[in-house]
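Next up: some structures, all given as structure tokens.
Heads up, the next two complexes both have chain A, just with different partners, chain B and then chain C.
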Partner chain A sequence: MDIKARQILYSYDYDAVFARDQVEIIFNGIQIKSNYLKIDCKSQTAQIYGNIELKKPDETMQSLDEIIINLKDFSSQYSTFRDGIVATNGQGEKILIENLKDVSLFEKITISNMKKSLLYFQAGQILIFKQFKISAKDVYVFLEGNPGILLEEFDIRGSSNAADTGFEISQFRLSNSQGIGIGVKHKFKLGENFLSSNNIYYEERGWIEGQNTYERALRINTTNTYKYSASGNANFLVDYDTIGSWDIKGDFSHKFEDGHLIKSQVYFFHPSYADEELWFNLGGGLELGSFGSADLNFAYEQSGRINTDMDYSNSITDNLMISSQISYNKQSANDSLLESQMIDGAVQVSYDTSFISANAGFMFNKDLLTNTVFEQPMFSINIKPIKLYYDLLTFSASNRTIYSSLRQPDLSEQINFSNYSFLSMKSDAFELFPNSNVSIDLRLEQLFFRNSGPITQMGIVVDYTQKLVGDNAIHLTYNYNTRRNSGNWFIEGTNTSMLIGQLDYNVFGFTKGNLSFSMDVESLELYSSSLYLDLSLGERWSLNTLISYDFLMDRINDVNIMLKRDIIRGDIKLRWRQSTNSFILEFSPK
Partner chain B sequence: MEAEHKFIYFGIQPEMIKILIIGFIIIFNACGSSKDVKIYPSYVSTLENAYTCKSLQINNVQIIPLDSTDTFKPGHRIYIVLHFKYISGSHKIRFIWYDQTGKVMRDSNDMELNNDSKFHYDVFVYDSFDQLTASNNPSSIKWNIVVFYDENYFLRKTITIAKAA
Partner chain C sequence: MGLESSFRMLTFKSIVLILFFLNLSACEDRIFDNPLDPDASFRAFEIINIFGLDPSAVYGLTWDGSSLWACNRDNSSLLMIDRLSGSVIRRLASPVPDPVSIHYENEIFFIIARNSNKLYKMDYYNGKILYSMNVSLNKMTAIAGDGNDLFIGDESTRQIYRVNKETGELISGFKYAGAKIDGMTYWEGYLWVSDSSSSSILKIKLDGSVEAGYKAPEQSPKGLATDGIFLWNADASGKLFQLKF
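And now, the complex of A and B:
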């Protein structure tokens, strides 16, 4: 496709072309003259509009208002709007009005958006090739609106298309603590069923003083997925890095029509820091209809490690559910592992209604080598939140009892018992003064441990918000907590009370942020304070600052400054952190 | 499609070239040695944005679209607002509203593009959904608002008018 116009812009940020004034387009022997042209490169669709003159290969002429072309297969829609909407496809067949192509995709491609881009190119002529590579003649390069150099001939867009096949930069990072990193991603699609995604990431840290891990590394990973039917797929993955680790994984899964699932995996892992491992996994899921569902997994490693587990769950009625799990793990000793043989099991019955929910469970673990047995039955009951006084007050309560026993050979049995009760009363936010909101949260907790006796804990949280002009507001949170050992008549314990305040401000959307502090109410001692500032610098730039101050240590805890440029298809960020004196320049695509 | 043409670089990925160019331009600009380059004049009126919305706030300086949306319910006024960045010379603008069958429902006819304001709008008001639909009783319909600039098709916005819930 050959495009000429008095002004053609390609924006890197939007990945789009905008051309206006005496636009001439030639493709497939068709010649089009128009006022405007917009191309969305990601979806490979073009909108040509305004005073169109179309000349077909057979030299017939046609006047139109709008053409929308899918540049993948050159299917198109021709429309005129003057005397009612008349739209046809490329073959001249009429298109129903409700099937008229949506043009909202092109709304973002405007001359002012293009000129706000971090990087854009202006040319008089461009050529679009297969895979959507775009090359241009007599190109001016603009960075942040500043004209740079003039190039005679230049490829302004590589043959990349993230949606399908092609290269893209996946990451760029420059930092004084983590070095330079560049990631390139390559996608490859073959038909509808085969997708290959490959990542190359290069890190250079050699120039960092005192770095002690590695100087440079190249990491490569490839993921290949073959979807052989709607119900099954096979994956093949390879990871490699120049530090010395690599792994290969192949897996396969298939779901049957009746819901059963079978999956298998072979995994070889060669780490640079430990022994290599070769795993064979086989698993499956069974759908047993009214008898519930079960999962089974078996894994074997060549040095003799075995992991097996089985899960079963069933909803007996709408309210009653039962689930159980049992697993067996075995490993023999080597350089990095100790010998072990374990059996774990659990069973749980839960009952759930709109008013109450209850759980009863039993858990056990047996170490077959040392003959140690751990058993833990538990029971809990929760009252679902009850709303009182026109939903102004919410009341909820729960109780949990846990009993545990640990039996080791040649030692006496260790028994522990605990009970925990929780009562909470919470108010909905109500208006105390004009433009203010108050909410109160009261809670009472009673804990009982076999060894330490009962502990009572009580707390109150009061939240107060006062709205000021615009989006400015003051929030105050008061938190009082008391914890008492209530076993004897002599009650001992501690009280804590804390006030947290925050001022949110927003000045005409130009700068916004907040200032917050926390303090001990009894001693009137300030703990910490933080200031967050968000300054918008023009439409695409912003500066964020976060400063936190520690009053107990009497010093600035940390300062974080971040300069950000939104480039639509990603962000460019420059960050500085005072505590580690590190900066990082980063490009991360969205 | 055109035949593959010669690259000006050899064996380096286009993305890498872009990074090198960005770096080069930064240095180029920083050195302050950039010569004057011919920038294309904005002699054509430039559209900043086009909105459809439910209401407008009009003051002496500008028109601010409120509740910008492309889905409308019965009882709403439908506004289309064009915000121009530059307007050069004298021009005419025309809004034509087409219903779901392609029939003209409103035609503003040619209006002078007023150089004093960068915002221009047109509005459509209707009483009930049934008034807009034929007998087949759909739950929503799509309309197209087409804008002509100096008698040339300039832009199209598609809106959805839904039946009240």
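And now, the complex of A and C:
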């Protein structure tokens, strides 16, 4: 597609073209003249309007009002008219209206927006190639509205369209602690069933002082998925880095109509620092109808490592469920790994009604090399939340008992026993004063450990919010906890109480943020304070500041400052952090 | 209307009453040596503060120099927690599902996730994965670092390995003395490991021998981190404890 006009702008921020005055477009033998042209490069759609003259090969001239063209395949699938306007051709014949398209995506492509872009190009002629690469002649480069150099011929847009196929920069970062990092993503889609996604990440750290690992590295990761049917797919994955490691993984999974699943995987890992690993994995899921369901996995590595596990679950009745897991792992010692051989198992029975739920479980582990055995039965019972006072108050309660035993040869058995109960009362937010909300959360707990006296804990959290004018509001949270040795008449123990306050402010949308503090209520000693400030610096720039002060240490805890430039398809950010004295410049696409 | 107004008054009076009782002078602090375990091997800790957390966000604590971070496994997010108020002040979506542990170093997060043998390196600011490394471990549950290398606990073998943070190489390892590795942090030359199977926190030398064992402040200790002064421990019940040793 060849485009000429008195003024053509391409904005990097919007990824769009805007042309005006004596616009001339030639593609596939079709010639169009108009006053304006807009192209949204991401969707590859063009809008042409204003005194259109269209001439197809061997056809007479047509006068139209507006054309929306799908440029994905450079076909002439076009001729839609907005607002029901029916145009006539040179012979006065009405042209059929079809495929009325949504033109809202062109609303953002205005001369004003284009010129507010961080980076835009102005040219007299551009050429658009397949994959939407755009070349321009006699190009002026504008950075933040300021004209830069003049280039005779320049590719102002690479061949990419991230939605389907092509390259895109996934990130760029420059920091004094991690160096330079550039990430590029490549996608390739073939039909509806094949998708290839590739990530390339380059790091340069040679210039960092004290760098003692590697100076630079390139890491490539590729994932290829072939969906051969609605119930199955195959994946092929490769990882490579220039430090010396690479791996290849191929997997396949298929789900049958009756719910059974089969999956397999072959994985080869070649690290530069250790022996190669070749894994074969086979697994699946069985739907056993009224007998429940089971998952099985078996993995074998050529040096003799084995990981295998089986899960089973079944709802015996609507209220009663049983589940169990068992696994076996074995590995031999080599340069990296220690020897191990272990069996793990667990079984759990759950009973659930609308009023109460109960769980009983047993965990088991045996180290077959050292003959160490761990066993842990547990039981818990929970009373489901009870709503009172027209659902304004919610009560709930729970009790959990855990017993565990660790038996090691030549050592005495280690037995642990604990019991934990809690009773809680929570209120929904309610209006105490006009434009205010209050909620209360009260919790009473009892904890008991073997060889130790019982501990009683009580905690209360009161949240209060007072709405002010506009988006301004005050939030107060009171948090009190007391923890006492109830076996010794509650004499021993500690209390903690804290008040946290926050003022949210928004001054005409120009600046918004919050100011918060926390303090000990009993001693009235301030703990900390923080200020978050979001300052708008024009339409596209903003400054964010977060300062926190530690009153206990009497010092500034941290300062974070971020200068941000919104470039529509991403952000450019410059950050500085005081506590680590680090800066980072980054570009992150949205 | 009448019911609502009497409810408000009742609630208001209840708050005043509760606050009054809570501040009884008889309940002044009295610190005992070890609040929970007289059999503990060493001088015990003091509970400095208790904060409430979402019970699904008690995994893999880490300290970033000014705040704490925790993994929320239910909605796969990472939460920044103010150390002085316990409030969640920032939230990042985890780039990997079901994150179990996190470690911060030099504007980078190292993350491990359930059912994955990958070690993910993530940008501290924007939450994007920079790249991932293969680690030859089957069930990683906790991660910590000493500034040079990482330490990763593998629950399927009950072993803890020193791992190269740039390549994922297993440098050395030792057998863990407990049964579960729920949380881990490196502090003053020791690894501190929380073990929910025995409701304890173990202080372990880098050769694997246990230096000291402490009863955890609650039944199921999970995430563990240090800010250099205090040890922070999150419990499955949804509490965050600030502990002074």
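Please note the rule applied: the second predicted complex is superposed on the first by the 543 of 590 C-alpha atoms of A that agree within 3 Å, B and C clash if a C-alpha of one lies under 4 Å from a C-alpha of the other, contacts with A are read in each partner's own complex, and residues count from 1 in each chain.
We take it that a residue touches a chain if its C-beta (ideal position, glycine included) is under 8 Å from a C-beta of that chain, and two chains touch if they have at least 3 such contacts.
Keep in mind that this is a model prediction, so the values were computed, not measured.
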*With everything superposed onto chain A, say whether chain B and chain C fit together or clash.*
fit
*Counting only touches as set out at the top, which of chain B and chain C does A:Gly183 meet: first, second, both, neither?*
second
*Is A:Glu287 contacted by the first partner chain B, the second partner chain C, both or neither?*
neither
*Between chain B (first) and chain C (second), which does A:Leu127 come into contact with in this model arrangement: first, second, both, or neither?*
first
*chain B versus chain C as contact partner of A:Phe154, first or second or both or neither*: first
*Please determine whether it is chain B or chain C that touches the greater number of chain A residues.*
C
_Contact-wise, after the overlay, does A:Glu24 reach chain B, chain C, both or neither (first, second, both, neither)?_
neither
*Scan A:Asp463 for contacts with chain B and chain C and give back first, second, both or neither.*
neither
*Check whether A:Thr213 is in contact with chain B, with chain C, with both or with neither, and answer first, second, both or neither.*
second
*Look across chain B and chain C in the superposition and give the shortest C-alpha distance you find, in Å.*
20
*Show which residues of chain A both chain B and chain C reach, each in its own complex.*
none
*asked:* Which stretch or stretches of chain A touch chain C in the complex?
replied: 170-171, 173, 175, 177-178, 181, 183, 199, 201, 203, 213-214, 219, 221, 239, 241, 243, 245, 247, 269, 271-274, 277, 307, 327, 329, 331, 336-338, 340, 342, 344, 363, 365, 367, 370, 374, 376, 389-390, 392, 400, 402, 404, 406, 414, 416, 418, 420, 422, 427, 430-432, 438, 440-442, 445, 447, 449, 451-452, 455, 458-462, 477, 479-485, 490-498, 500, 516, 518, 522, 527-528, 530, 548, 550, 552, 557-558, 573, 575, 577, 579-580, 582, 584, 586, 588
_Of all residues in chain C, those that touch chain A in their complex_ = 3-4, 7-8, 11-12, 14-15, 18-19, 22-23, 27-32, 35-39, 46-52, 65-67, 82, 84-87, 89, 106-108, 123, 125-126, 128, 130-134, 136, 138, 156-159, 164, 166-170, 173-175, 178-179, 197-200, 215, 218-220, 237
*Can you name the residues of chain B that touch chain A in the complex?*
1-2, 4-5, 7-8, 13-15, 17-19, 21-22, 24-26, 28-29, 34, 37, 39-40, 42, 44, 46-50, 70, 85, 96, 98, 100-104, 142, 144, 146, 148-149, 152-158
*Residues on chain A engaged by chain B in the complex (per definition of touch)*: 1-2, 6-7, 12, 20-21, 27, 35, 49-51, 65-66, 81-82, 84-86, 97-98, 100, 102-104, 107, 110-112, 119, 122, 127, 129-130, 133, 135, 140-141, 143, 146-155, 157-160, 167-169, 172, 184
